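As written, the chain order gives the labels A, B, C and D, with residue 1 at the start of each chain.
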Amino acid sequence: MKNVPKKMTNFQPRDPNFREKVKDSFTRQKVMGELGVEINDLSPGEIELQFPYDERWTQQHGFIHAGIISTVMDSACGYAAFSLMPKYAAVLSIEFKSNFLAPAAGEKFRIISRVIRSGRTITVAEADAFALSSDKEKHVAHMTATIMTVLDNNSIQQ
Amino acid sequence: MKNVPKKMTNFQPRDPNFREKVKDSFTRQKVMGELGVEINDLSPGEIELQFPYDERWTQQHGFIHAGIISTVMDSACGYAAFSLMPKYAAVLSIEFKSNFLAPAAGEKFRIISRVIRSGRTITVAEADAFALSSDKEKHVAHMTATIMTVLDNNSIQQ
Amino acid sequence: MKNVPKKMTNFQPRDPNFREKVKDSFTRQKVMGELGVEINDLSPGEIELQFPYDERWTQQHGFIHAGIISTVMDSACGYAAFSLMPKYAAVLSIEFKSNFLAPAAGEKFRIISRVIRSGRTITVAEADAFALSSDKEKHVAHMTATIMTVLDNNSIQQ
Amino acid sequence: MKNVPKKMTNFQPRDPNFREKVKDSFTRQKVMGELGVEINDLSPGEIELQFPYDERWTQQHGFIHAGIISTVMDSACGYAAFSLMPKYAAVLSIEFKSNFLAPAAGEKFRIISRVIRSGRTITVAEADAFALSSDKEKHVAHMTATIMTVLDNNSIQQ
């Protein structure tokens, strides 16, 4: 394609402390600690997470369960979105859709998410999951997620 | 609506030992054991799973992470599909899509899945997740999943 | 399943003139007129649409194109949602996902949508499409759609 | 992100006549002609389509209906996938999911699709839709689609 437009603008974070905010919230997601997920890299509208293979999270063929891969992709999408939100906003997953491209077999897994639309109420983000073995990296899953900015925290309880 | 057609036919399992087959495979999904998921009920093309609240699986507000709810909904869809497959088939999640309808707050969670289309290669199933507290049950998530019947086991590795 | 909870509550429309409102908006969707879509039935949170086969809307095998079936399912979901919204709200499709269960071959097509979650900002609805031939009705597609209630009409332009 | 892996390999078409095959099938999709869709560009695993604004395809606010945008995105995904398939294969949409990022307002629309996973049976493709006005181009929609390679043509009728 000769003429592909740039889909991603350079995002400006609305909260200058977006790094601390994302890291604080990430630390409070107990499931991230349980899965051993770490933040590799973080910039406005983008995040990279990583976690190791652990047979506790496997399905019947010994691969990481599609839902566990989706758990990390969903957190990645949520935090890519959250990095662009104003100071007192909370983040809520409305929906996500995952495609599984290859078995999640590997020593560790790298998840990269980036925002593709950052609106006042609705953010759309994508994530890709890669399985890493000693010598290669394989694209194993793809997610599109719709995230809501919640300015009134009580709404989260509703 | 006066005239809603029945979407669900009475499914006939192609393998008379479908119950043992589903239970064996379910037991081999280590993540189901880790999350404490149990099979409440199983019939051809339908399954009900249940698991308890555990703060290890929570997101930043103390609710069960959307990805963990999706993990159990995906297994439910996979086993509803698997219950209708022929003897030597393996089951593979191609993709799923979840909508989150309310926070996953409760003492335990009930997931019900049923097949809506059972084809030779492609099965489509839905799942609904309900959060149970002492006195009430709330619909918290909905999934549609596309599942592939794999007759050649080597394909799973590809 | 012995004990499936009722997912659908009896919805109360927030606007007593919801029928006129839905029909007015439907008439302004020029694509509905172009496709020959008619409203068969309408109640709070539910709608049934119908349209005839026309080879202008076909794909390469002579079946109605999956996108055209999705166009009518999306309008059905939007109007099922709109029927429950307050007087001055506008309706916006955030996203939808369709599964295609069988070829859309038939003389006419019936689309039924119902709301599964009606929130202040976000509504989730499902739709099913059925192909009707002289003697039978076949389930050909299923959609889940996420719809936003827009109270500030300017937002639609953004 | 320092180290984003290339997701897209250089695809090798399995049928050297893939261009003619795609164009022949595209011409037989009557809905493409009806909407005025043209092929701008085609290479293995990638396609660019274009169509003009026409008020016949509008929803209630005068924008192109989300389902019509999805119709063209679905054809784009299908033909990006078809360009990589072997000679006697047919292409079938199993499911797709669209996110709507901005109103489809513009003079014409450009749709770009590329394959992200090309397997023996299952192909996954993405599409992006852009609205063009005199001076600018806006990203209005994003699709992920799952496409099946059908080698036995009779299966399409089932």
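Everything below uses one rule, namely that a residue touches a chain if its C-beta (ideal position, glycine included) is under 8 Å from a C-beta of that chain, and two chains touch if they have at least 3 such contacts.
For clarity, every value in this text was computed on a predicted model and none was experimentally measured.
Asks: Considering only mean CA positions as chain centres, point out the chain farthest from chain C.
Replies: Result for max centroid distance from chain C is chain A.
Asks: Over half of the interface residue numbers used by both chain A and chain D, so same, or under half, so different?
Replies: On the two sides of the chain D and chain A interface, the residue numbers are mostly the same, over half being shared.
Asks: Report which interface contains more C-beta contacts, comparing B-C against A-C.
Replies: If we tally the C-beta pairs in contact for B-C and A-C, the bigger total goes to B-C.
Asks: Cα centroid separation between chain A and chain C, in whole Å?
Replies: 31
Asks: As a quick test, compute the distance in whole Å between the mean CA positions of chain B and chain C.
Replies: About 26 Å separates the centre of chain B from that of chain C.
Asks: Which chain B residues sit where two or more other chains touch them?
Replies: Each of 94-95, 97, 99, 102, 124, 146, 158 in chain B touches at least two other chains.
Asks: In their complex, what parts of chain A are in touch with chain B?
Replies: 25-26, 28-31, 34, 55-61, 65-68, 70-75, 90, 92-100, 102-103, 156-158
Asks: What residues of chain C sit close enough to touch chain A in their complex?
Replies: 94-95, 97, 119-122, 124, 146, 148, 155, 158
Asks: Given the complex with chain A, which residues does chain D contribute to the contact?
Replies: Touching chain A from chain D are residues 1-2, 4-5, 7, 41, 43, 46, 48, 97, 99, 101-102, 112, 116-117, 124, 128, 130, 137, 139, 142, 144, 146.
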